[in-house]
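Down below are the structures I want you to see.
Consider the two complexes below, in which subunit A is the common component and subunit B and subunit C are the respective partners.
Right, the complex of A and B next:
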């Protein structure tokens, strides 16, 4: 099992972010390296790629407020 | 006609993309295939376009194919026209459509007419990526759609996708076309976080492979028998929502998504109105002298006997877009206004 974690250095202060959209549905099989989620801090949009291949579990749905370091999904 | 794979019908492992991401995929794919394709405009390089259509392009292709320009639309559209005449395939970012005022000569006198005026000696494979529309308190100079203004000028092809699947397929078609094409996306549909949560119905399952959607083919999203609702871009979503509300009142609405404004699929609209006898055109462009009147006229010219009731227009009132939220809400088309327009032409239920 691999966590999808927002890197601590994705942005450089303690502002909150928000999940804009997940590219795949909960339970989808995703491939390592493919973009899986878009998120935003203020007006800056960012994306995270799958850290591993496997089945996606979404822990923080679209519109959820998130912080640096937070685990927002899992791949197993 | 089959609907595109939307977010709710997507298979478990389909990718569900925002329109910005889907459009960008077509841009990047065309740039990989053809070194003549390049992107130029304000903030297309480091930022990747204010509406996200060129994110990652400069990283992959370098600053010579993702060219950041000064705030000089006349200059960089002129450069793109010249490049297109010399055989390149430029993608120009105009950002907000409202900025067309400073560079309209380049657009409608040069880009739109050169292929014709040179007797075909010069083609103009130039695509403009343009954000349109309001609803987010950005006032009169950053909220217009004005696609009717461009549609009025011969020589310009215009697409207004309503969802991510169409955004990608129509972008491929625009880049591959040898004439000036405008890819106009409503900001409320493009799916950028800073414009609010992405509109779920604008997100769609998008294949990773390339595909083109032909110009001039409207899509019937929903079949109905009592009234035809015609929309484009964001107003398609108002129409779909209105159709749900009308269904609860026992009124069956057919919903047509124009997808491209020029060429206009008059056949599909006429076929639908021939069946329903009633039409409400829903448009965020200004009411007068525009898209709504053109669509209604094209039905009446062909056969006025199809009308069971007077056609109705839900469009933007002929005023500058207000900054005030209550005033802007009052002006913007929405599902409730569509429902009211439909009920005004239905016999009492």
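Right, the complex of A and C next:
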């Protein structure tokens, strides 16, 4: 199992981000390196890629408020 | 940094598609700075395009001669048009902090504009269109705003940071289009044109000379060619 985590160094303070959209649905099979989720903070839209191949579990849905370092999904 | 400059007015939709391809191909030929002058176009975010009244609001803008395009960077609607520069910077970095990227970009732009005799500051201009922490302002009025798209992959950030800079007085026709769009959309978001200005209006009367748009383009190209080290 591999966590999809918002990197700690994406921003440098306690601002919150928001999940804009998941590219794949919960339970979908994703491929390592493919963009799986978009999030936004301070007018910066960021795409995170799948850190591994496998079945996606979404832990923070679209429009959820998130913090840096937070685990927002898993791949099994 | 390599410079790709276009002094003839360009259709924003086509330029955004070109820039999306550059972003998708990063690191590709980066670091790269693109500098282009836009034809009138209202550039809205994906979230705004998903609003129920978007089709009506977009049709009304089109009736006023303003094309509507969707971008995937953050913030809110921006209206491009004559008398402006759009500045887009592409690079990759192991530095992931979004503020670091904004700071580098803002400092280079502020330095460039200082070369034409205008001192800008970076500060949020609350109530202006697409306001953000790294607005560039003169006496509290917005002259430029910036946004980013980033892709985090294998420990490296792929970065597209862009800005629109209001230079000539004709650029001041466009911020009101954002307010009209929000009214048509039924949005409570504020985009007051009174909170914006352009570089021409920042200059003392005796310093105003024709060709400011070209001189700004020259200054920006020079600043990024020699000064930015992503």
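Quick note on the criterion: the second predicted complex is superposed on the first by the 76 of 76 C-alpha atoms of A that agree within 3 Å, B and C clash if a C-alpha of one lies under 4 Å from a C-alpha of the other, contacts with A are read in each partner's own complex, and residues count from 1 in each chain.
By our rule, a residue touches a chain if its C-beta (ideal position, glycine included) is under 8 Å from a C-beta of that chain, and two chains touch if they have at least 3 such contacts.
Remember, it's a predicted structure, so these values are computed and weren't measured experimentally.
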item: Subunit B versus subunit C as contact partner of A:45, first or second or both or neither; value: both
item: First, second, both or neither for A:37, with subunit B first and subunit C second; value: neither
item: Subunit B versus subunit C as contact partner of A:25, first or second or both or neither; value: first
item: Partner chain in contact with A:11 - subunit B first, subunit C second, else both or neither; value: second
item: Touched partner set for A:75, first subunit B, second subunit C, both or neither; value: neither
item: Contacts of A:60 with subunit B and subunit C, given as first, second, both or neither; value: neither
item: Contact residues common to both interfaces of subunit A (with subunit B and with subunit C); value: 20-21, 38, 40, 42-43, 45
item: In the complex, subunit C residues that touch subunit A; value: 46-47, 72-75, 96-102, 130, 132-134, 146-154
item: Subunit A residues touching subunit C - in the complex, by the definition given at the top; value: 7, 9-12, 20-21, 33, 35, 38, 40-49
item: Contact footprint of subunit A on subunit B as seen in their complex; value: 10, 12-18, 21, 52, 55, 191-194, 197-198, 203
item: Sites on subunit A touched by subunit B in the complex; value: 18, 20-25, 27-30, 38-40, 42-43, 45, 62-63
